[in-house]
Every structure is written in structure tokens, then in C-alpha cells.
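Naming follows writing order (A, B, C and D), and every chain is counted from residue 1.
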Amino acid sequence: MLSFESDYLTGAHPKILQRLAETNMEQLSGYGADRYCTSAKEKIAQACGCPEAQVEFLVGGTQTNAVIISTMLKGYEGVVAARTGHVNTHEAGAIEYSGSKVLTIPQKDGKMSAEVLKQYITDFYGDGNHEHMVFPGMAYISHPTEYGTLYTKKELEDIAAVCHEFKIPLFIDGARLGYGLMSRTTDVTMEDIARICDVFYIGGTKVGALCGEAVVFTKNNRPAHFVNMVKKRGALLAKGRLLGVQFDTLFTDNLYLNISKHAIDMAEALKKLFKSKNIKFFLESPTNQQFIILENTKAAELAKEVTLNFWEKYDETHTVYRFATCWSTTEADLAALNKIL
Amino acid sequence: MLSFESDYLTGAHPKILQRLAETNMEQLSGYGADRYCTSAKEKIAQACGCPEAQVEFLVGGTQTNAVIISTMLKGYEGVVAARTGHVNTHEAGAIEYSGSKVLTIPQKDGKMSAEVLKQYITDFYGDGNHEHMVFPGMAYISHPTEYGTLYTKKELEDIAAVCHEFKIPLFIDGARLGYGLMSRTTDVTMEDIARICDVFYIGGTKVGALCGEAVVFTKNNRPAHFVNMVKKRGALLAKGRLLGVQFDTLFTDNLYLNISKHAIDMAEALKKLFKSKNIKFFLESPTNQQFIILENTKAAELAKEVTLNFWEKYDETHTVYRFATCWSTTEADLAALNKIL
Amino acid sequence: MLSFESDYLTGAHPKILQRLAETNMEQLSGYGADRYCTSAKEKIAQACGCPEAQVEFLVGGTQTNAVIISTMLKGYEGVVAARTGHVNTHEAGAIEYSGSKVLTIPQKDGKMSAEVLKQYITDFYGDGNHEHMVFPGMAYISHPTEYGTLYTKKELEDIAAVCHEFKIPLFIDGARLGYGLMSRTTDVTMEDIARICDVFYIGGTKVGALCGEAVVFTKNNRPAHFVNMVKKRGALLAKGRLLGVQFDTLFTDNLYLNISKHAIDMAEALKKLFKSKNIKFFLESPTNQQFIILENTKAAELAKEVTLNFWEKYDETHTVYRFATCWSTTEADLAALNKIL
Amino acid sequence: MLSFESDYLTGAHPKILQRLAETNMEQLSGYGADRYCTSAKEKIAQACGCPEAQVEFLVGGTQTNAVIISTMLKGYEGVVAARTGHVNTHEAGAIEYSGSKVLTIPQKDGKMSAEVLKQYITDFYGDGNHEHMVFPGMAYISHPTEYGTLYTKKELEDIAAVCHEFKIPLFIDGARLGYGLMSRTTDVTMEDIARICDVFYIGGTKVGALCGEAVVFTKNNRPAHFVNMVKKRGALLAKGRLLGVQFDTLFTDNLYLNISKHAIDMAEALKKLFKSKNIKFFLESPTNQQFIILENTKAAELAKEVTLNFWEKYDETHTVYRFATCWSTTEADLAALNKIL
């Protein structure tokens, strides 16, 4: 069965497995205190053009969002996110489990705008009674968003300006960061991300790793005793080498961006294919996730040969499905899809 | 300075103070195990027409919402509320502090509709991926709402029907219940409330008590070891008599409803007064809270003689203010306001 | 039935009820922003000899402990307490509910010693692996303790010295503070308490109020947006006047200390009575709680005429019971007990 | 540098890496819904002699303890553990972070006894005031314990009998279960574990995996919507295959027990070596962790050639160190140590 169901369908990029095997018999201290974690952190700081970056490794995306948000917010604060933000919709309430509220604001194509954010915070402080409300204590955006869309550099800078005006950090969820950076239409680099925001993470799980997300605190702002609070949240990996070796490999010889570029090339070919079949897009996505609208009986037909990932109902007779490419997507996969369509 | 700022501006109804004084020297066990709590519980069960009602006393409204919601939800559930619901807006994140998400749905005049609720839950279960989302585990409505509006009996029954269809409890926040029951336009009685919902509370703080809310579990559904979980949330009052005596008094000789009716009479007179002055209403409220729209310079003028309670911005030149009546509002207050206007 | 079961058996001191009645019709803002709260705060700061004291009112003891501890601890810290400390034993897990661990150390007669505390913290930092452990972030002591015992001024200063050495605050739970200050054997004054510790509270519930505890931050160290975090924990009273008027009364004309002294006088008379009957004490308590050991059949006999408060099993044939005096205990009560014994 | 610092110093058993490589390019659904997870679950159920076993995979030990305890306890309950239990000492307060109290009881050599447990629970229910205390809602033991010691089958059955008497589940932390099962002195099998307790986990991280723990609910008692609550705690791995493939490999051809046996053989040789050098043991451990007492100057000397893992201070001049063996420990390692000693 052909599948473009997600970007975490296959295992890890072969170079990662190879490095895991090569380093397997080395005796290394646990919990991140090994040479591969150290090396990976240095390479990531360099890739960010941010020598003072403080890098920490975690296992998965929801975990990372919960750890960052709950360790950085003050007790009277919540995190502001677009209504469609992953932290608000698909994390089973992980942020609330940590005791913090997700404050939602309207979005467009999965993005928040600096204007809407500013209005929200201004209104908050304008309300005389705001001591009974949750303070906006951080802005959360995902880049690419949950809909595959991207912020421009200007949009990111405008959001950051609002955050700085109100002295709250900007957190960028980069679960699929590589695909954003390699998009053909973006003007945003890794260095821009590091410069503009206060904390972000570089997704590994969805970009060629078995697991792992690299958190980057860019403004010398890592919470004190961070490892302890990671442990407290059940998120500290004993064999930290598993994360260190993977990210060390991904940030050697530009592997992270190269495999992201491959996925983008495949996504562009996929888009072309859909267009050639007159299939309509739910929105214009410049990254590895493509959202198409299928008529329901046609979708049922197609589902016999391709695994379809339901995204949302479009109308009574149509449905939105997501197709994703990744490092392991091949020309042959596209040819097979072409034949089926 | 004249004030209609809220319905908790004055102390307690004099009969409450009198009973507190009369019973003051009695030696009574703590934590609700006293004869006044027992008596009050019986009277409330009777007033609800619900002999099996399990009644518990708590101190304040936000506390009550957090205790009920967090002890009744299962670990994978959140509470569904209108976006304007008190639990979502003005409780400083108390529900999230207990680890639960408030799931918001659109509202009209502060009310949720059965249709919108049903659509929300249906969509939830329609999404294949809902194991990663917070399950709708309870519906929360306030009656009267935060905007003073009321549900009709039919509307409540329809919402309850949706809840029962999906086997989740309906919780009615009755912080101002008395004013709802005594509204001139309502067809809902205390018995209806008890019959229709699974748990509700009868507000004391805003209806003539010094403090206190009476929680009523109507379907033999009080969580096991409820007192322990109340204590765990710091909400157990040592001298439970303070709550018992107050509610015993409020439910003797119909005091609770009588003082609520007085407040409604005053509110109707207030409405008439505003209308006579051609002051516009933000919405039509049949209870003790009235929301009016004032031009900003006029409001500034008025604020010299009447305390104004800012509710929300209406437009660039107008603002919404809330006026509330209560048991202690007098004809003289209204006459004074008339003179000022 | 005669009862010395607890020190919260009766209502409030009559002067409190009188002041509540006198101020009842005044229109006052909610949530502590009223003139009585302001006045009470000033009087308390004065009584503490601490003009910069930041005073806040809460409703009950467990609530106060949970609010103070959870708002003052950092995310990687727990609170150190004697194993018998109220926060560890009789609060239904309220501290843990807020996400913090109670770190217990050995005690003697309900007291921790500076030596044991210092050893505990020193050992903690001596363990190379302490990033995986909960950091000692505050010391909690109760004065009087759960066993009615008292710290000397020297003992308090020594504990504070350890806290300062390790830069953690010292928190004194003064649920029964009045009885400690009025004990005939103490050398500790209210000013000493305020000077030595970083935060403490003056118990109202157990010293003549209907409810209420006055928290005093003595080192200009009240957490930012404290009211918001109190609200978030469901602990903010709408009619804050109820607490303001009570504490304003208690701190007018020395009422708080005067009624505490009365309770101590009654306790000393009670002790004398027990001694005259050759009843053995579980320990030597210089405050209003007395712990006596009764042979079980004798206790059963006695329980027909006096309510006995079980404290703990002493041995197979004996049990420890607590007798408490308070502002409302009378010579007649003691005479009645004498007759029964 | 020679090291016996822990049992997670090297990577994974080579067969695991091999299987990860072999299955790498297969497209598999995420979150545990893949064929390797299914296969591993079946093999584990079989190894437990428990066809109805419900098996779930998590990433690490602290995470597993927190997830199991917080999803199985009721709101008024805490977990009873030996004071030395991992959940009480080395998990940075992860259990408390989930809102639950760890109730500690005395231990001997890291073990709790059925008698002490029974006494604790009996005393709890004997105290009239227990509604204000945390209910004992689960017993937690580790097997092997944190000190490498083991329960006998009889001891486990006795503890389980107490649990059943009070209707609470028995949870066995098997982070190092393989070493317990392969100990030369044990009479406890995997089937015994599954039969006796209500939930346990089979540690992977410390027994040859890169990461991963297999939770086994043995009495058809997996909490409803468990995956959702795992996600809520940030513990759901996207590429569940990483856990499925590893445990499928460990439970193929008896690999899990075989590598555990190797570690035990190495540990016995290590013991013999220490004895031959007249080195004293802190306690008698029949598993892969050995605790020895070294004179401090001698330890400093040794630390130049062997990494020493500080365990605890023994006295002013001696210290306890832990030596651990695992699947990758070799005869050559022991020979090297022999030479150094």
C-alpha cells in the first residue's frame, strides 16, 4: 500500500543508523553528558550563528512544547497561540496538564499575525480587571505551521517586536523546521530564527531521526536547573547518546538541510502531479505537507490503493486530506501515485 | 459615592448575621459535620424537589468551579464551555491549574446552544485522530450567564439531551442562580435545574451571603471521598458552620428567592430608568445585571458621581458598563441615580 | 456534652460579629480592595514591627500553606518539613496537588532542629547526582507545632541561619501563633517572628475568627501578581471585607493577644487539673493544646460525658487524646471537667 | 578509562541495532500502531504466561513510574513506597508533579515488608481523621530494588495479599527486571511477577535497549484511553516502531533473559574478585549491582583508573560505591579491574 500519510513513516536516515552502530560499544555517561551531545550542541550553535546558544535534547514534540512552556512561564502567565496551534489542538491537553492555559487568538492559514497578537495583549492590559485573567506570558508559533504554511522574515520580526514590547519570549515550534528552511519561497534562515526568537526547537522526529528534538535557547535564557525540571516531567533520556549521535549526524555535512531539501523537491513534484490531475488544494503550502480536497466517493476509491490521512471535513461531499513527503520519499513513490490517480 | 458596581458590595442579609450571632456560642464539630450544615442540606434538597440530592458547601465561585470540574472529569477529558464562560475568562486559569483544558465553543449573548455543542462533540468523535485531543467530558453553562441572560427550560433540556447522548454530565454554574429563578421572563424553576442537570451550585456570595456556594449533586453522583479532595484543593472550611448557618438561613422562609426577587424588582426599575433616559442597552438582560452603552465623555462625567464598572469597549467612542442590583439595593439608590442621570 | 475537642468549636469572638454587623451595609469593593483590609494590614505590620511587611488575607490554613509554598518555590524545589509537619500529614496532599514535594526530616516533639536541617541540605548538595533529586527550596516549621510545642528564639534564629546560608526562605505556619506568643514560657515575640523568618501567617480560624489567615511577607518578597495566583488556586474571597473586618478587629486594642492569653490561662488550669488527677501527659506542651494519655477503658468511660479527640495510639492499652482551650473556654467548663474526672 | 559506573553505559545489544536497520525502510503507522509493537506485545504476554496482558511501551523509567501511578491512582490517593524507593528519591519529584503524594514507609535493604505495609494501612484507617490524609492507593516496589536486592516469591505474595485485602493495586518497577529473574538465588519467574502484581514494567533501558520500558497490565486493568493520557504527559513516541522493534527483538529467542544472565555471570565474577581482594560489601546483592565500601584515600587512588560511582557516605573515612554489569560487560573488563585492584 502506497502511503504519504505522514513524514514519520520510515525509520531514520541511514547515516544515523550507521553512526549509532559505529558508536554503540563506547562507554558513555548518561543523561546527555556524553561527547556526542556536546559535539551536536556545538554544531547546532554554529548552524544557528549563535555561539551563546544553549542547546538541550528532548525526545518528542508534545513533550518539548510542554517542557519549554511550563519551565519558562511564570505562575500567573499562559501561552498565546493561534487557535489551530498544535499546543491547542493535538497534544491531549499536555500544556494544561502542566497547569498553564493556552490563550487562543484568531489565525489565517495556520498563522497568527503581529497585529492580532498586539491587539490581544493590548486589550488584556486595557481591562481593569485583568488580575483575574491569565497573563499573556509567551507567544507560541509553529514554523512551518500545522497547515504547512510559513511566516516571512518580516512577519516573524513583527511578532518578535510585539513580544519584546510586552517583554514576553517568542517560542517557535520547529517540529518541521527543516522543511520550512528549505522551502523554495522562504526568506528565513536558521540564523534568522535564532536571532528573532527567544527559544525554538529543531525537529528531528519528523526530519529523519528515530526521535528527538533539539531545543535552542538563544538569549542565554535557559531556565535554571533545566535538567532537573526535564527529569521531573519524565522527559530525561538515560542514554542521552541516542539523541546526541542523531543530531551530531544530522548536523554533519549539512545532512539536516539536505534531506529537508529532498523532501521539498518531492513535495513540489507532488504538487505538480496533483495540479496535472486537476485536484484542488485546500490552501497553498510551500513545504512538505500538501492538503488536497477530494470528493468523497473518489476518495473512497483512492483509499483502496493509497493510505489517506483525513485532515478535516470540507463540505458535505468533500474532505481534506494531507499528503506529506520526507527524506525517504522517492521518485518511484510519485510514479506509483501518478499511475493510481 | 453611589455604586451599582456589583452584587457583592454590601455584607450579608441581616437575618444571616443575626443567625450567626445567635448560634455563635454553640460548640460544633468542624468541616461541615454540624447540625446547621445538615439542616441546610435538607432544606436545599427539598427546595430542589430532589430528596436524593447530595449537597456540599464551598466558599467561592471560582473555587467551586475548579473543585467540581477537576473531581468529576476523567484524566483524558476537558470541560466544554462557551468562549465567554467564566471558567474560560475570569478565573485566572484555575481550571487549567487543576490540569484540565477548557474546550471553548461559540456563544450568543453568553449562551451555548445544544446544536453547537452537539456539532462540536460529533466533530470530535468524527476525527480519526481524536486520541490526541482532549475528550469533551462535561458541559459547563452558567445560568444566568456572564451577560445576565437566561436559558429557557427547552434550551436547558436540549443541552442536557446532548450531554446524555454522549454520556457526559451537565454542570450549571449558579453563582447568580436566584436572580435567574426570579426573573420575570423565565420558565425555569429550581426543581427544573435539579432535574435537568447533573450537578449545579446555588450561589451565596452574590445572593446575600458573606461567602459560600452550595453544590448539589443531583444524580447520586458525588465523587467518592469528596471532602478529601476538597481539602486537597485547600477549599475545606474548618468552621463549616459559617456556611451551614448562612444557607440554613437563606433556605428558611424562602429568603433566598425573596431577596432575589427584590433584586429583580430593582433591576426592572433600573431598566425603566435607563430607557426613560434613552440610554442604550448592550443586550437584553432579564436578570439583576444590566449592561449599558455610554458615550465616553458622558461616562467620564457620570463617573464623578457613580462608580462605573467597565465591561468592555463598544467602539472607539463608546463603552459598555455593568450595573447590578442585589438584596440591599433600595428605591433611594434608584432615585439618586435618576437625579444624577 | 462537654468538649475540648479543638480550638475552633465555637464561632467568632463577639467583637468580630459586632464589627461585621456595624459595617455590613457599607458598599465596599471586592477582593481585598476595601478600607478594612487596608486598615488591618497596617495594624498587622505595626504589630510585627515591620513597616515594609506585605500582608495578604486567605481563608484557611491548608489553603494558606499550599498558596505560599507553591508561589514561592522554584520549579525544581520542594519544601523541607518535619515528618510530623501539618503539610506532610494532615492536608490531604494539598502541597503535592500543587506539584511540589514535601521533603521530610526527623523531628523531636514536633520540632525540627537547625542541625538536622543543615545536615539534610549539606548531604543533598554533597550527592553528585542531586540534579535528579528535589532541591530543598524552603524550610517549613509550625509555631506552635502540631504537638503544641514551641521553638525558642535561639532555635528559630539557628534555623533561619541555615536557611540564609543556603539562600532559601523560612516559612512559619502560625495557625495557632497567638497561643505561642502568649505562652508563659516563650521568649519569642511577634516582632521576633517577623524579623527571623521570610514569610509567616497569623492564624485567625483557630484564634477567634470565623475564618481567615493573615500572611505576612516580611522581606519585601511577596511573589509578583500574588492576587492572580491566589485566584488561580480558588482562594480569593470575593467579599474580602469578611477577612479585613475580622483582622482589623483582632488587631485593635490587642484583642488577638488578649484572647490568646485567656486560652493559655485556661490551658494552664487544665494542666493543673490533669496533674491533680494523676493523668499522664504525652509530652510537655506550653500552649493551648494538651496531650494526655488515658487507659482505654477509662477513656471509654470518660467519652460518655466529654467528647474525646483521638490523637494517636500510645500502646495496646493506652491512647493519646488532645484537649484544646480557646477564647471561649470558661472556668465553668473546667469545673465541669473536674467534676467528671 | 575502565568503567562499571552503570548498566546503561553502552548502546543497544547488536541484534537490536540490526533489526532497526533491517526494518528501517518499512512504512509504518506511528504511535505504537505498527506490526512490531503488536508482535512484541504478543511475545511479552506469552513470556508472562498471561494471555490477557495489556502491554504498552514507554520511553524511560521515571516517565513510566509517573504515567502508571498518575493514571491508576484515584484523586484522593497516594502511592506507598519504601523510603528508598526510586519514586521517592531520584525522580526529581515527578510523582508529585503529577499531583500525587508518595507515602513512605520504613525499608530494609531497599525492601518494604508486608507487615510494615499492613501496619501502615491499618493505622491509616484506624485514625478517625483520615479524610484529611492521603489515602494509600497503591503499593510500589522495585524488583530488583535500588540496592540490587530481591524479594522472594513468598514476600511478593504477602505484599500482594495486603494489597488485595485493602483493594489497592501492587505495582512492580522492573527497570532492572531481567537481572532479578536471572539471579542465581531467586525463586521468582516472569510468570510469578505477572500473576502476583497488578501492573509492572520490564525495563529495556538498563537491559540492553537504547531506550524503552514495557508496561504490563496483568488484570485487564489498563486505564481507559491510556494512549491519550500518555500523550497528555508528553510520553507518546511518534515512531513507536523504535520501541516495538527493540522489545520484539528482546523477546525473540529469549534474548532478554540471556543477556540478563550474562550480566549476572559477570556480577558473580565481580563479587568473587572483590572478595579475593578483601573488599567489603555494603550489603549482599544477588543481582547486577554490587555495592562496595572503600577507604577514601584508596578510592581516590582507584579513581585514576576506574570511574567510580558514588553511592553514599559510609562513615568519615569510607564511602559506598556502586559497580554494575550489563550485557556488554566482558571477561576482559574484569581482568583489567583485577589488574588495577
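The rule is simple: a residue touches a chain if its C-beta (ideal position, glycine included) is under 8 Å from a C-beta of that chain, and two chains touch if they have at least 3 such contacts.
On a predicted model such as this, the values are computed, not experimentally measured, just so you know.
Quick check on the contact network: minimum steps from chain B to chain D?
1
Count the C-beta pairs in contact for A-D and for C-D, then report the pair with the higher count.
Top pair by contacting C-beta pairs is A-D.
For chain A versus chain C, what separation do you get between their C-alpha means, in angstrom?
50
Between chain A and chain D, tell me the centre distance in angstrom, where each centre is the average of that chain's C-alpha atoms.
33
How many angstrom lie between the centres of chain C and chain D, each centre taken as the mean Cα position?
41
Touching two or more other chains, which residues of chain D qualify?
Expected reply: 76, 91-93, 97, 99, 131-132, 228-229, 231-232.
Help me check something: in the complex, which residues belonging to chain A touch chain C?
It is residues 70-71, 74-76, 99, 131-132, 135, 223-225, 227-229, 231-232 of chain A that touch chain C.
Under the stated contact criterion, what part of chain B meets chain A in this complex?
Interface residues on chain B, with respect to chain A: 76, 78, 89-93, 96-97, 99-102, 104, 123, 126-129, 131-134, 310, 312-313.
If you look only at chain A, which of its residues touch chain D in the complex?
3, 5-6, 8-12, 14, 17, 20-21, 23-30, 59-64, 66-67, 91-94, 97, 205-206, 210-211, 228-229, 231-239, 241-242, 328
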